[in-house]
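Chain naming follows the written order as A, B, C and D, and within any one chain the residues start at number 1.
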Amino acid sequence: MKKKMFIALTLALLMTLAACAPAAPATPAAPAADAPAAGDAAAPAADGDMPELVIGLFQPATGANGAGGRQESLGTIFANYRQPTVEIGGVMHRVRIEQVDNQSSTTHGPAAAAELVARGVHIILGSYGSAVSIASSDVFADAGLTAIGVSCTNPNVTRGNDFYFRVCFLDPFQGQVLASLASNTLNADTAYVLTLLGDDYSQGLAHFFTEQFQSLGGTVIQENFPEGTSDFSGFMTNAMNAGAGVIFAPTSAEAAALIIDSAGVAGTDIPLLAGDTWDSPQVLDAAVRSGVSVMVTTFYQEGGAPEWDAAFKEWLNANPAQLANNGGSDVIAGFTAMGYDAYMVTLDIFQRAGVPYPFDQDAIRAATWETSFYGPVAGLIEFDEHGDARRDTAFVKTVNVEEGAWEFYAAQRL
Amino acid sequence: MKKLSVGNSISILVLIIFFVLTIVLEQFIAPTDRMNMLLVCLRQGSIFALLAVAMNLLNGFTGLFSLGHAGFMLIGATTYALFSMPLAERSIVFTWFSDSYVIRISFPEVLGNLLGGPGMIIGMLISIILAGLVTAAFAFLVGLPVLRMRSDYLAIATLGFAEIIRAIIMWQGLGPVTNAGNPLRSFTRTADLNVTIGGQTFGLITFTLAFLSAVCIFIIFLLVTSSYGRAFKAIREDEIAAEAMGINLFKHKQLSFCISSFFVGVGGALLAIFMGTVAPLQFRAAMTYEFLLIVVLGGIGSITGSIVGAMLFVFASMWWLRGLDSGTFLGLDRITIFGVNLGERVFVSGFRMVVFSVIIMCIVLFFRRGLCGDKELPYYVNKLRELIARKSKPKPEAGGADA
Amino acid sequence: MPDNVLRVDDLTMQFGGVVAANNVCLEVNKSEIVALIGPNGAGKTTAFNCITGVYEPTNGRVSLNGEVIAESFPQGKMKDLYKGENRGKYTQSVKLTPDRITYRGISRTFQNVRLFKALTVFENVMIAKHMRAKQNVFSATFRLNTKEEKRMREESMALLEEQKLDHLKDHIASSLPYGLQRRLEVARALATSPSLLLLDEPAAGMNPQETQEMAEFIHEIRDRYGLTILLIEHHMGLVMQISERIYVLDFGKMIAQGTPDEIRADQRVIDAYLGVAEDAAN
Amino acid sequence: MGAYDLFRLFFPYILSGISIGGQYALIAIGYSMVYSILRLINFAHGDVFMVGGLFMVFAAATFPLWVAIPLVVFLIVLLGFTIERVAYKPLRTAPRMSVMISAIGVSYLLQNLALYFTGGLNRMYPAFPWISDTISVFGVSTRRVTVITPFLVVALVFALVWLINNTKVGIAMRAAAKDFDTAQLMGIKINSVISTTFIIGSFLAAIGSILFFTNFPAVFPAAGAMPGLKAFVAAVFGGIGSIPGAVIGGLLIGIVETVIRGADITLGPTGLGLFNRSLDIAAFSDAFTFVLLVIVLVFRPTGLFGDKPTDKV
């Protein structure tokens, strides 16, 4: 009995293998026609004659950065919805998006990246979360694929890797903006910095913030919390005991909600400051609930491109699943906008490279270096010698507790 | 030398074919091929196999229910990364500890400069072995208090030690040594394992990782079939009787613990090569549980089982069942039941792991002996031959599989 | 005192407030077969466990061939709890683990057979050979000990042949019938090359014919391996037939000792057994 | 520094330590009871606690609170009962390791199910009127639940101890804990005793989850893992099988953990000034629990109030 069940199980697994891995030729000749069963997520088979440009969306859907990853993906998917085709070298191409969940994990990330590469994508977008991007960058480089980081702000993503680019600003810049905000605008002498132990993003941004804040004459007290911490009340007490004028907490949005809640309970009036990751409906909710003053830097401030905002919201609200991925509200996060721009800049790159399907990866990379594209939402994108976008503006926004909404505070330039 | 039995020689043949295949396949499959997942899974699968076998040595063969796997893997991976990272990369990796990093030697780099390509490989090997040794040394210290405890307390104490190890490695005060939990990267990469002859590069990544794992597994196999292996099994079967037969419990437990940890360290180092990044945050208890479930899947006390279990685990979770997450699975996603489209609503992120854990629960509950029980490959080869022999006879027996 | 293979002095074992063995003294001379009898719960197995190092006695001394292998006195909490005699007589603390004691030459079987159940008959014996093999992990793993391994195999095979278990060598131990399991346990104990063998109820659960075989078997192994044997047994027939001397325990105390004939006639022994007639009838 | 200042410095930590410790205690009792009868570390217990949080998130969205709370408690009790019946009962005669593996398997399954149903995202726990309110205790601002927890825990523990000492099922439980096989021979329906144990344990975990998540309102798949492990350590520390032991262990771990979290500030340059630079001790708050565990297991394996187990040879 048992043996038979076991054999059945094994057979089922083998059949799965067969289904997922059709005898694919080394070079896929007619992409749309024999696209693997596990693949065509978005496109209808109707216009099957058109060659395909496949964009690999390397984003977390689960794990610590799951929420952010989903929001960022929404921007790209929306862009694909708005502009599903592109003309490259005189040939119309259908653009298809391939998604893989990297689980916010540096362990599972590379395998997920390899999976994406093996699905025959032509360019990679992502990932939300610098650590996973760094961990997986070699996989893309080894495959000779260009990757464009959308919101991974850690400098090490592109450093020493000619295949990785990014469209967002970097942590040194963000840290400077936040530090001068803390010092000059909020007049804080002491900053309490709370970071997640062992997290590249958290440690990096804190590092740049500290550097700048100290050079402005302030004192920094930094503490780390281990992952999975639920109880932040002790840390909030610490901040108050330390006499901090500002709490800087560059963490994931998940931790942010708990930190804000603890701050609210502790009854502190110290403003909380954070980077791009806090630009999330979760943070907004928590801040409104607990009445704490929260300020964040972001890539894009809602209202910057009103007509795009409206179109996106309409699209978002049309599908409850999409709305759920945005955290249940139609507030636009900065990285959603970046996801949109990254898609658009990708099409621009392929157009400038000018080689139609099956594309020339070297030409694509060359074209990427020469990008000068005005992103429809977040502005001009040009890459410097590291492959980082030259960005000189960060938006600062704050939570308006009464109205329960983000409020534009300032556009910081350096 | 004794003459090899047919079962053994066929098993060896199977292994040789496997290794030749890894080499041949890698030359023909480009990273952008769909089938490249086969190679990626083989790489990760071999490393997982080693890690599972090492755990089996402890949990299955010696009967010590230890849950410190993730912690020891972390030590191995960290040690490897620290001793193989090129010096030039360190100031970038240790950014937050601006140039105050302590370990300033990279074996692959030193030997690579001295001897060229082969030197680099030797350097990597040295780092790998060092990773194993450091892990074993830590295991020795952990073993001192822990191995005197009763079975379930041992489990929880080793689990605790894994967390303590992680906390220490992530301690800010040790930052200049360990980078305080910030991911280590830019050490040797898998591509370094490729060999270039006359401008032509031969992909050997899969082969090298599989081969190194296989060598380690083979050593463990030799160990468990040796006199010491029998002593370990005696301890598993009955501690009091084992002691009465003159087996020093503590010494043998400590031996098994350290040897197992040595290979866990080596496995951690290989995993570091495979992943390219060592992030201590990932080495949590959940990781230990995964390996435990692999061992159970394959059969506690079977090396073959652990290998098969690891391969199945990796292939299924990384490849075959991924469709369950992304909304396309065997065409089932087009089915709509009660107005719910399976593809849109059921096959979403996380479903794969649910299916997976249900399968594992079924094995734990209904196939307690796992896939292979405590039998090894030659046994199955012999069984298969018997079966074929019976089939080829003029009057085949019906229902022979139930024998 | 070269004749004294085993000597137990004033052995007292107390679990919390319960005195399981009280002031037990016994001697076993070279090549003797000595029986330790007594009603259930008299402390026989406790005495065995103290001799083989499983328990640390509360007070008293055990020596093998004139060498102390266990000595203890009430310590810690026991200082207050101790109910036995000879307080202060023993002052040193010698505590050898069971494996060290086995190494010195005491081997044992267990009341309820403790074989390595999932292993084969051959492996069971080979495990007992492990202790005295000249090898280390390294040489064993990398097969640098082929000579030693070969010797172990041959000796184990020889032992199995002598015990007429050789045809069962690849059977799983737990699949053997009970009588053979007992015999295998003895074979395994012999494989450690002991000078003193402790048998804990070797004939338990056997029918009269098997018991008779066991009696002959014990004699045979004593002569063949030059052993000294101490056994616990309830089968009075067996005890009277094979033992040269008998010690009788009751409620942890030694109540009588002597030759089988003396014990048969001893009123205290008869009294002690009256309450457990069914045991004696076996 | 005067006594008042010291009080001002440490009181907030101790207050939240008592609260979180009380919540650990409620989970620890479940571990302790199950272990004392089945000798099983029920690794899934922490995840049952997490699922309790998740159920509440979904229940509170659909039902009014007076329906949602009893409903969730009932569902969690049902879950605990089902887990025992499905995953542990069939393995009653199997080696202990198999049962423990089964427990780990259940934990893995529950976490993956939670991952699936939440999409791997944090879910915010609903705020309850009154107990979620912020109040001020000796000048320290906190939630009312912090103050309620210790009292509630003491009340529940008294009820439980009464139950165990005075009811038939309680006596059966104690008998089973003392000697499983003999209890069975004496005609005790061992399966119903075990089920009752799981029901009580799950009930307390459900209450614990309400208190815990009201205080720290984010539910995520791994939310139960760490509190679960800590609660188990608390049970070991107090002596497995001892209910007062579990409570004292839980409180101690809770207090020490929060005090350690604040040690860098309270003892460091901005506090008492015992050392002049940050030692990053706060990061050790979780690891410390395990250090405590190892110390207890080495020096007093039976915990504070535990009985010594005897192995028969």
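Keep in mind that, in the parts below, a residue touches a chain if its C-beta (ideal position, glycine included) is under 8 Å from a C-beta of that chain, and two chains touch if they have at least 3 such contacts.
Every value quoted in this text rests on a predicted model; they were computed, and no experiment measured them.
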- Message: Report the chain whose CA-based centre is farthest from the CA-based centre of chain D.
- Response: C
- Query: What chain pair shows the greatest number of contacts?
  - Reply: A-B
- Task: Determine the centre-to-centre distance between chain A and chain C, using the mean Cα coordinates as centres, and give it in whole Å.
- Result: 71
- Distance from the mean Cα position of chain D to that of chain C, given in whole angstrom: 47
- Task: Calculate how many whole Å lie between the centre of chain A and the centre of chain D, each centre taken as the average of the chain's C-alpha atoms.
- Result: 36
- Interchain centroid distance [CA atoms averaged], chain A/chain B, Å: 32
- Message: Two-or-more-chain contact residues of chain B, please, as numbers and ranges.
- Response: 167, 170, 172, 240, 349-350
- Among all residues of chain D, those touching at least two other chains are 115, 119-120, 222, 225, 278, 280, 283, 286-287, 313
- Task: Indicate the residues of chain A shared as contacts by at least two other chains.
- Result: 61-62, 197, 224, 226
- Message: Could you list, by residue number, the parts of chain C that touch chain B in their complex?
- Response: 52, 54, 97-100, 102-103, 107-108, 110, 114-119, 123, 126-133, 135, 137, 140-143, 145, 149, 152, 188-189, 191-192
- Item | Of chain B, residues touching chain A in the complex | 28-38, 40-41, 44, 89, 92, 95-96, 167, 170, 172, 180-183, 185-186, 189-191, 274-277, 279-282, 287, 312, 315-316, 318-323, 325-331, 344, 349-350, 359, 366-367, 371, 401-402
- Note on the structure: Listed in rising order, chain A residues that touch chain B in their complex are 2-6, 9, 13, 15-17, 19-22, 24, 26, 36-41, 61-62, 99-101, 105-107, 110-111, 114-115, 117-120, 131, 134-135, 138-139, 142-145, 155-156, 159-160, 197-200, 203-204, 207, 224, 226-227, 321
- Given the complex with chain D, which residues does chain A contribute to the contact? 61-63, 66-67, 70, 103, 197, 221-226, 228-235, 237-238, 241-243, 254, 257-258, 261-262, 264-267, 282, 285-286, 289, 324-325, 327
- Task: Enumerate the contact residues on chain B facing chain C in the complex.
- Result: 219, 222-223, 226-228, 230-231, 233-234, 237-238, 240-250, 255, 259, 374
